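One chain, chain A, links the two complexes that follow: it is found with chain B in the first and with chain C in the second.
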Partner chain A sequence: MPPKYHIETSQAPNRFQKITRSGIIAWEEGCLKCARCVKKDCVYQVYEKRNLDDRQMLDSLDSVCMDCFRCVQNCPNRLIHKGLNPSYKVLGDHYWTPEIISGLWFQAESGRIPVSGAGYGGPFSGPGFDAMWTDMSEIVRPTRDGIHGREYISTTVDIGRKVMSLEFGPDGEIISPAPPLVEIPLPVIFDILPWSPPGDRIPLSLLYGARALGTFAIIRQSAINNAVREFLPNAIIYVDGNPGGLNTQLLRSARIIEIPDGEGAIALQERLRSMNPDLVVMIRMKLSPKTPEQALTLVAQGAEVLHLVADEYGLEEGKDPLFIKERLKEVHLYLVNKGIRDQITLLGGGGIAMAEHMAKLIICGADAISIDIPLLAAMECRVCRRCKEGISCPVELDDVDPVWGSLRIVNLMAAWHSQLLEILGAMGIREARRLRGEMGRAMFFEDLEREIFATMGKRG
Partner chain B sequence: MTGFHFPEIKNAPSRFRNALGKYRITITRACTNCGLCVEICPYGVYQVGSKRPKASCEHLCLGPSCSKNDFYCAERCPEKAIHIRLNPSFEVLGDRRWPAELLAGTWHMAETGAIPHQGLNYKTGDSGGGFDKIRFILPKENGNDKPVTDGDISTAIELNRSGDSRPKVTIPVPLYLGGMSFGSVSIVTMLSRARAAVALGTFCCTGEGGYPEELMDYDDNVITQVATGLFGVREDTIKRVRIVEFKYAQGAKPGLGGHLLGDKVTPRVAQMREAVAGSALFSPFPFHSVYSVEDHKKHVDWIKEINRKALVSVKVSTPTDVDMVAVGSYYAGAHIVQLDGSYGGTGAAPDIAKKNIAMPIEYALPKVHKFLLAEGIRDKITIIASGGIRSAYDMAKIIAMGADGVCLGTADLVALECIRCHHCESGRGCARGIATTDDELTDLMELEWGTQRIINMYSAWRAQLVNILKRLGMRSVAELVGRFDVLAHMDYIRQEEIEGELD
Partner chain C sequence: MDQRTAGLNIAIFFCQQLDVNQDKNRRSLEKELGPRIRFFPLPCSGRIDPLHLLRALESGADMVYLIACPEGACRYREGNLRAKKRVRYAQQLIEEIGLEGVRIEMINRTAEMPDDIDAIARELLARDAKVSISPVRSNAILSFMQK
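== the complex of A and B ==
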């Protein structure tokens, strides 16, 4: 058995006051000055923890109140109320919701997975990743207990081209060429950020985090400088400029390089490989309706790894864009039908916002995923996108300490890792590799709605 | 069901000083304390005060929609001193599955035993799918050839349909109360539920955490649970009861085990579970002795051997092959299969599991019902639905989708004034004294009050079920089982296909 992959976490406190969902509003006018104010009876000691004078008017947005409503319900003159925090409601957008963003903050701060009491309180289903459920095992199939550490569930995946058979020479020696393969202990790589405040500190946090986790961060060729050089073993250089400009030594020591799709991609792949035979080359493709055909062509020409990228909302290019999970399913099944799916590695990225999205995209056919915005959110980003306009970052991300930043990223990934174990354990699957394409162990909204509800109200 | 009388409804107002309602009433200094508002409000919102009246029951107020009535206080007040606005705190309450209105509507039923009059939606939530998109198609009331009266309608169901030699067990309402262990909820909560079950002639399950001796007075209405940790399972507890339940899985954390945090393992809890106080308890997943239907049968046989009169219930979650699991449970000899959907409650579970693993009950139940029909064994086993049943309408809908009855948990807690803050496990436990073992917090609730609140709520549920059956021209809840034709899904039904009104 390989050594168990364990991610060390440590509390990494926020730098800024957290934006929480609700606050307490209390009026002073009409206060009866009770001998014992109900605020003193707070089970969570909100008023004491915040050093507030309970005789004072307060209009407080706080992070300690747990919404038990006892003070609201017990104040004799009904002077205490709860209110939604307006700055919480405007966090992010329709896709990167306040719930998702604050959930990422919590995980990055603590390294723990979100746990709560009572049942699920969200919508029945939703678009995209919310339109599917994952399976569990019961009675006839054993589950696996990965989360409490009693069984080993591997989250390792391989990046590269796989050989389908081995050929042996007369003396039993292997004569078929074995293409290079890079193993990552977690099916996640860090992608180029769609936007971020300028400077080295954010990329350094990502690289630092990637090194601690044993995975990779993609970094543009143009962004390579002395500051990041130390981390190159955990970097995937994206050749977005002239490939001739790449430093030969850099190329020789690199393990993975990413190149854009387009005319001459395979030729470039071969040229890079001729300089470094141990190199794995990824081809970055923008997801579109043409992807299945393009993927087939590229695989036939010898592509090893395809990195299929949607936009930050998980949408492909073109009119009436499909969501990444739908298109990825199609690409995967298309390559399965052509009998070549197992030869290559498919990476999917764009719109991955939660741990469950990682598991679900893998079920829909990705070997591994790439993430971007969650890495910023780990460092308290509020997804306001002001940096795109050149406006200064409200949480001063350009000034982030890479050590702290990487701690937060590592915490977030530890929480995601644990959540992947929960999903795998419940399904009784012991390897992330075997989760890939397991659509039969998932339930899709469209199928279930058609099967169950479409006939309602019909007689006979 | 001879000799059974449904319990009396008694008013059981909020145990907190201010009940939470949709509207907030303020009376300004202009008030002359003439007392007109106290006099005219038929809902008893106001109470006489020394300087001015108190809106002590503002949760009973109709809000601005009252303006059409001649008793609208804000209009009638000679000094125009009364202001009625939305309660700002109301917005913070609840979630998509249990919006503030459904919570307040349920509290109203638990307080009064009656259907809310304030225009609160007490029938559905705001989840945008499943139950919340399904409606009954009720024929126009005069469409019935022979009107049925309430007294003619039976809401009773039989739990032993197997035809074996074990006793018949009939419950007068198509519901029983699901497992919540001592440790996860307070002894007052546990006993309130058990006593309400006795009053309603139904059952209440112990959950996995042993059989507190306080429950022994109610043996005939207790279901004891055998779950994967086998905590507190003893031969004598199995022998005491009429129904034994195997918990294979739980909808809120399907495929995952249970975890009682060390803080909640008080000496009392530890003693009952035969464990060490202060140390966390893990309930593994799954039963490590069951990996096949044959193993499953051995389990069922074991219980049947120890208690030769008990019925056996099997509680399972909703994987892709839930229909196979149900059929396997039947062949293993279970009398009841309880399907626990993925939106059910729990003391603590990872959010990722609650949201994503296994399917909602609205899908699982029809799948299983149809599969068992096709197998020709549907009438030999009782199907109980749980995990996301929030209202009388959810209950009636899932019965029309193939269940014989339902099992409830969260709704009981809401009746006891749970506000679904989702912090059952934080600090000393539930701040409202429901899901806690902290003595001081436990004392926030009285047993009589808790019992009555649950009785009131389910009495109101039963009245709604009777009304639906009456509108459908049915005399028994058994006639409703599997009647997909009386339901409509708002996303798929076309207007011209609806004969009657949607409710």
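== the complex of A and C ==
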């Protein structure tokens, strides 16, 4: 048995004050100067450690406060008022909600799973991934020393084309060609970021992180420079320009390369393979209603890995777009029906914002997933997209130290890995590979709604 | 000469209740002026502390504005009244060290004023510059104006 995959975490403090859900709204004048000030009683010593971040004019009182409301209740003159912070409410957008962003910050800072103690007060279903529940029936059977102890749950997945049968020669030697396969210990690769401040520091943080985790980060061919070259064993080069511009040495040291979908994709795959027979070639496709058919054609022509990408909200291209989980389910089942699903690796990306989305997309048929915005959020990004408009980043991401950035990414992935283990353990599945396409172990809101209400209102 | 032409660095603290779309509305001005303008949204103008105003001047602002809701229309009842006292206190403090008190100014939004932060800020920038570049600026840490 291979050694257990474990991600080492370390505290990586924020560089900027966090935007918190609640904040002090007002201090009233009129302090009684009483002998036992409630500020001294603060169990988190918030008032003693108070400071002001002059880059954002944010008071540490707001970011360090744990919302116990002790000071608000006990001040004899009712001087301290707390309320919801309007800056928190406007974080991100309808999909990348303040709760998701602040959850990512927490995980990146500490490497811990976010746990809310006061129960779940939200709705039981919603759009996208929220319309899906996983079967946690095995949660009643805790293992002797837990899924993080001696129990072995593998999160390893393979990227590449799979051999369906072996052919043997007269002397028992294997004569069927074995296409190259790359194993990653975590079913996550780092995708090209949809937007980010310019400079090398962010891609370097991703590459440092990918190296520490043993996974890969996709880097555009045009972004390759001497600083990036050192990380080639953990980089997937995305051919966004002339493939002839890739030098032979670069191609020989790369393990995975990604090419855009198009007419010449398979020819290009073969050409690249002829230069490096150990190279795994991924084809990047924008998710659309045509994807199942296109995928079938590509697999028949010899494609190895299809990377199906939705937009940052998880939506495909075109009018009335479907959400990634629906379309990926369709692609997976279509290939299953054609009997060729096991030959290829499907990667899904776009709109993956939480650890549960990773597990849910794998259940819908992806072998592994690619993430983008959570990596930026790990480095304190507020998903304001100011950099996209050429305005300076409020958290100076262009100035990020790649070592610190990678620590935050490793922490985030450690938290996601732990959550994946929890889900796998609760589902009684011992391998991420076996989670793929396990739709029978999940419930989909649309299916349940149809089953329950479809017959209602029908006469006769 | 207006404040923009005079090359002044402007820090604007404002109550977020004034403009719910402040995050989007202020972007065009931030893009135009870059580090010469900084916006600091507050949940209520009553959250301002004299320290905020002084810190802004210390780190390179030539003019510091606090834009609050009209008197009597504070969501938290007295926030803007408390802010007024604190602005006055901060003005006294800077006068004591020889800076012009007018470098800190509080503005209560009136019915005639536009309701988005971009337009309000543009009106402020179009005003005549009452002060020149701050003497503090040459020695300032410039921590927030640099970005």
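One rule holds for everything that comes next: the second predicted complex is superposed on the first by the 384 of 460 C-alpha atoms of A that agree within 3 Å, B and C clash if a C-alpha of one lies under 4 Å from a C-alpha of the other, contacts with A are read in each partner's own complex, and residues count from 1 in each chain.
In the analysis below, contacts are C-beta pairs under 8 Å (C-beta built on N, C-alpha and C of every residue); 3 or more make two chains touch, one makes a residue touch a chain.
Bear in mind that the values here come from a model prediction, so they are computed numbers and not experimental data.
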If we overlay the two complexes on their shared chain A, which of chain B and chain C does A:25 touch? Say first, second, both or neither.
both
Contacts for A:391 in the overlay, against chain B (first) and chain C (second): which applies, first, second, both or neither?
second
Chain B versus chain C as contact partner of A:83, first or second or both or neither
both
On the A-aligned overlay, A:35 touches which partner chain: chain B = first, chain C = second, or both, or neither?
neither
Regarding the shared-chain residue A:166, is it in contact with chain B (first), chain C (second), both, or neither?
neither
Between chain B and chain C, more extensive residue contact with chain A
B
First (chain B), second (chain C), both or neither touched by A:443:
first
Overlapping contact positions on chain A, where the chain C interface meets the chain B interface
25, 81, 83-84
Chain A residues touching chain C - in the complex, by the definition given at the top
23-29, 52, 54-57, 59, 81, 83-87, 90, 384, 386, 389-392, 396
In the complex of these two chains, what residues of chain A are touching chain B?
21-22, 25, 43-44, 66-70, 72-76, 78, 81-84, 103, 113-126, 133-143, 145, 147-148, 354-356, 359-360, 419, 422-423, 425-428, 440-443, 448-449, 451-460
Where on chain C does chain A make contact in their complex?
13, 16-17, 22-23, 27, 30-31, 34-35, 40-41, 43-44, 46-47, 49, 51-52, 55-56, 58-59, 76, 78-79, 82, 85, 141, 143-144, 147
Residues on chain B engaged by chain A in the complex (per definition of touch):
14, 16-20, 24, 87-89, 91-98, 127-130, 132-134, 137, 248-249, 252, 254-257, 282, 284-286, 290-293, 296, 316-317, 319-320, 324-325, 328, 342-360, 362-363, 366-367, 387-388, 410, 413, 418-428, 431-432, 435, 441, 484-489, 491-493, 497-498
